[in-house]
Amino acid sequence: MSRLKVGVVGAGAMGASHVRTLGTAVPSAEIVSVFDMDTARAQEVAGEFGATAADSPEALIAQVDAFVIASPDFTHADLAVAGIEAGTYVLCEKPLAVTAEDAYRVVDAEVAAGRRFVQVGFNRRFDPGFVSLKGHITDGTLGDVKLLHGIHRNASNATSTDDAGLVTGSMIHEFDTFRWLLDDDVTAIRVESPIVEGFRDPQLATIWMKNGQMITAEVYVNAGYGYDVRVEVVGSGGSASLEPRTPVVARVSGASSSAVGSDFVAHFIESYRLELSAWADASLRGEVVGASAFDGFAANVVAEAGVQALRSGERQPVEIPAAPGLYT
Amino acid sequence: MSRLKVGVVGAGAMGASHVRTLGTAVPSAEIVSVFDMDTARAQEVAGEFGATAADSPEALIAQVDAFVIASPDFTHADLAVAGIEAGTYVLCEKPLAVTAEDAYRVVDAEVAAGRRFVQVGFNRRFDPGFVSLKGHITDGTLGDVKLLHGIHRNASNATSTDDAGLVTGSMIHEFDTFRWLLDDDVTAIRVESPIVEGFRDPQLATIWMKNGQMITAEVYVNAGYGYDVRVEVVGSGGSASLEPRTPVVARVSGASSSAVGSDFVAHFIESYRLELSAWADASLRGEVVGASAFDGFAANVVAEAGVQALRSGERQPVEIPAAPGLYT
Amino acid sequence: MSRLKVGVVGAGAMGASHVRTLGTAVPSAEIVSVFDMDTARAQEVAGEFGATAADSPEALIAQVDAFVIASPDFTHADLAVAGIEAGTYVLCEKPLAVTAEDAYRVVDAEVAAGRRFVQVGFNRRFDPGFVSLKGHITDGTLGDVKLLHGIHRNASNATSTDDAGLVTGSMIHEFDTFRWLLDDDVTAIRVESPIVEGFRDPQLATIWMKNGQMITAEVYVNAGYGYDVRVEVVGSGGSASLEPRTPVVARVSGASSSAVGSDFVAHFIESYRLELSAWADASLRGEVVGASAFDGFAANVVAEAGVQALRSGERQPVEIPAAPGLYT
Amino acid sequence: MSRLKVGVVGAGAMGASHVRTLGTAVPSAEIVSVFDMDTARAQEVAGEFGATAADSPEALIAQVDAFVIASPDFTHADLAVAGIEAGTYVLCEKPLAVTAEDAYRVVDAEVAAGRRFVQVGFNRRFDPGFVSLKGHITDGTLGDVKLLHGIHRNASNATSTDDAGLVTGSMIHEFDTFRWLLDDDVTAIRVESPIVEGFRDPQLATIWMKNGQMITAEVYVNAGYGYDVRVEVVGSGGSASLEPRTPVVARVSGASSSAVGSDFVAHFIESYRLELSAWADASLRGEVVGASAFDGFAANVVAEAGVQALRSGERQPVEIPAAPGLYT
């Protein structure tokens, strides 16, 4: 069967993981090229799977049918646009851009091209736990959904190191998660923190959806004990909680315990595999699945409102413009 | 050993449960009198334990060393004051009063008497789960506490049937719980709801403590599936969650499940036993334990601010005056 | 109301706990006397509740309506017989006797008296978890029961220090538990151990019931990590597992954990309270509840067969004679 | 990169699942051929991934570098031998053969060839939960292992429909699991059942290992409620239990529950993916991983003793001959 020629831009932790997942678990893709500012790093990662290091992102794009963007956030939008203009499929790590305006450039590029090329790497949409949670909503088990409660904790802050970065780099996952779970859009957001000086971590968001649901979301990137992502959905018919647990329970020294890891890539590795696999299969069929460029833009709009809300201490309205016809 | 002569005012579900608990599980107390507007009901409940029905609360007070107030909320403050004036110990069901002003009359009466007589029935302070949760805070396991998340759901609304009643009748438990867990006071509160017309249930409170912690609290009195009270405390060193589970897990018909009851008295029956037992023992020693009249007043102050916050949609400052010397 | 005059023979850990439970949580009983070989110990324990130390078990029996036997196992049967002959109610800690023959002397004494006086302290029959587990059997949820699996682990061996002692002192709880859960009798037993030299701990029993169910039971009195008692019942309609868990879950240092205690008295304290309360109430009514002297004898019969099976390595038939009419 | 040309013999539920897993998740393998007695079925399954249906197993073997045996059990040994003789790598579904004698023909063929070609499909060795459980043994957390308890339940019996079939078709998984977990061999087995007439399901095995550990294993293929595989390992330092749970907990209608599926393929799908992936990668490197032909033979030896034990009701010694040098 024909395979998708794939490149990966960015060979850091996330990029290298994607290369390895593609190489070991996605038969429909063939990695041909890896780019990184650190060429030796790119060669090392590429070499594992018989691919080569590209001299530039542009050179990589010229070689491939589709590519993954896992380079620093500020490069995402430009690379996505370049991919669209080259007619290649793109899986862009979240966030799609650093600003909503930049994200919209990607939307504009797709509209100009007259078709979609970009999937945004909101991997939770492919996580079996999140998919099951959504199933409890869509199958009616929970009745009318009234509330959601989200928790998103990292053991220590790797990338989200300032107030705005925590919103745009970490909490942005929640924004997409809630939009997707409820198939609805955000109308307002408030972001607060018990910390008033220095790095405001944890942060507590309150989010309002168009259909009336309210959501509380805690993001805490220095939670110490491990990586912990949970969501509870509360409706008139009951509640469903995503609360993963390792399959082994140890009873040792006066405690019954299960391990909590600290590596988000390991935690969500199955979702990355399913995401990359779905992306490669869809690209071969000429389709785009998962979160669209418009979804990526919408998450950026919410994030910008969130940053503003954190600064003002006020509830901030969120206005997401109507999606171009391409996305509906 | 000498036993405390005890009366119970109010023989509804809560009062009758207290009579039964005292009679079957509190040896230091002897029930001598029960009062209820429905005399037949009082006789029936009293008769189980060889006590008699009183003609009036005043007649009951004259007969006893100590009494429990489990009559309708609006009668609490007057009865508590009458108890203080008669020099009898009082265990008053929450709330201590319907308004903070009324609650303060009880504080004033104790100050005038020059000593304390009143314990407020914030039973969670005696619940083994809540006590263990507090232990995780005070023993330093959790490091610096940053956040708490509370959930308080009833299967269906029995007593809290309007917006203010939900705050004053149900959420008031959370107010005392958070003050007690953190040994700190509330400085501000916000209360919102996804429901904008009709009975605003569920409600979401955000609470700020003097020491800087933020708290989210959901109260939902028509949650359908059962009675569910949970609290998670999040600190720099980790998190502790109170999440009780029945000891039996059944695997039947494609599900592994444990029962969730709907009766709050059954759920907290052990805490009521320990509360009544501690109260009777303390009364015999001439002491008062548990939540004080001032704690009851403080909870009412927060509740009033909560009701106002729900109406205004704004964050409401909470000012709890300094406690009289009697309470410190 | 009139109260039952109660004595306690034996003021060790178990006896002292019973005195304290009676004194603080069983209003229908009044402790009047405590006996222990160590008189100072008896005085200390008795003094907490205004009772006095007795000079001898006989002197104690003469003073009371009912008494608890919590002295060393070899004294149980004689004391129970003495209680029957004095017409007092008896709650005898397990085992009822060290040998089945001795246990039958208690049965004989009741038969001679023409009525029952003795309850054997198989406290699990009063444990809310075990009661709920039995409910899953009797309400038909599990269909036809086929198998049970029991686990009984102590952190370290306090009293069961030799091969036979482990069966007669610890596993005897399982024998009564299975008879009671299934309302059926044992017909055969096998007991084996992975340990072939020295103290044979853990031990694995296989038990056959008259109605055909098979049971596996592990008893391990040096399990190290804590006290752990679990039972799974497996039927044609599903399975139910008693697997208690503390209500607080801590997430700290890479693990999500709940505490496992090592003190069996603390673990089962609620069952002891309910057992003592039911015993005192029944005694006041002139009745006997819980495990009968015959049940105690039957457990001893199974234990003797178990010890023999452990020695022979063979499956040992168990023949429990028909119960005298008094017990049916 | 070069890919392994792979065939699959047998396109039933298991075989079709393997084809799909290879095709969608194992990039190092390329499916070229599928054989099934039902040619239309083979064509349908093969067609999904651009492969073709073979006319015979021999024709398939001639086309491939490696193949999977997922045809009926009685065909396994002959096909494995044919594969060895053709110099192709083989992944043979369990059991390796219906009898130990037949299984040894496969071992003999490898010895004759002077090298190994065969991996036996004991997929649990690749299951992340089982791997983590083994980690608790090998890292010393549990101290000296004394006991294991296994549970293996199917909702309804698909393939194991007679007494011997339950041992050879289902319990054989436990035999390999215990040998692998403890890195030790079985010395004796006993198999019993509470069912004395008709299909003897459930069955209870007691297993002794060379190093002295004892194991209890329940297999119940008509457990009704779902597919449930659990193992607890008990040592001097504590216990570790494999007890998988779905990540979503629903609170609905008076119960808190998580789903228990009934499809063993779905339950273990991740282990199949990892097994097939490891097999294909190893085959490309000219190596064999996972359970060897000798392990497959050893499991058959235990199974034969188990069947004999079930018939005799006696403990049956198990003698596994020393492995040829090829396997050590």
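Read from first to last, the chains carry the letters A, B, C and D; within each, the first residue is number 1.
Quick note on the criterion: a residue touches a chain if its C-beta (ideal position, glycine included) is under 8 Å from a C-beta of that chain, and two chains touch if they have at least 3 such contacts.
Remember, it's a predicted structure, so these values are computed and weren't measured experimentally.
Steps from chain A to chain D, minimised over paths through touching chains, total 1.
Separation of chain B from chain C in touch steps, taking the shortest path, is 1.
The chain pair with the larger count of C-beta pairs in contact, out of A-C and C-D, is C-D. In this assembly, the C-alpha centroid of chain C lies 43 Å from the C-alpha centroid of chain D.
In terms of their C-alpha centroids, the spacing between chain A and chain C amounts to 57 Å.
In chain A, the residues that reach two or more other chains under the touch definition are 224-225, 228, 237-239, 245, 251-253, 259.
Per the touch definition, chain D reaches chain A in the complex via residues 1, 22-29, 49-50, 128-129, 132-133, 136, 141-142, 237-253, 259, 270, 273, 277. Listed in rising order, the residues of chain C touching chain D in the complex are 143, 146-147, 149, 192-196, 202, 204, 206, 208, 212-214, 216, 218, 220, 222-225, 228, 234, 236-239.
Across the interface of their complex, chain B is touched by residues 224-226, 228, 245, 251-262 of chain D.
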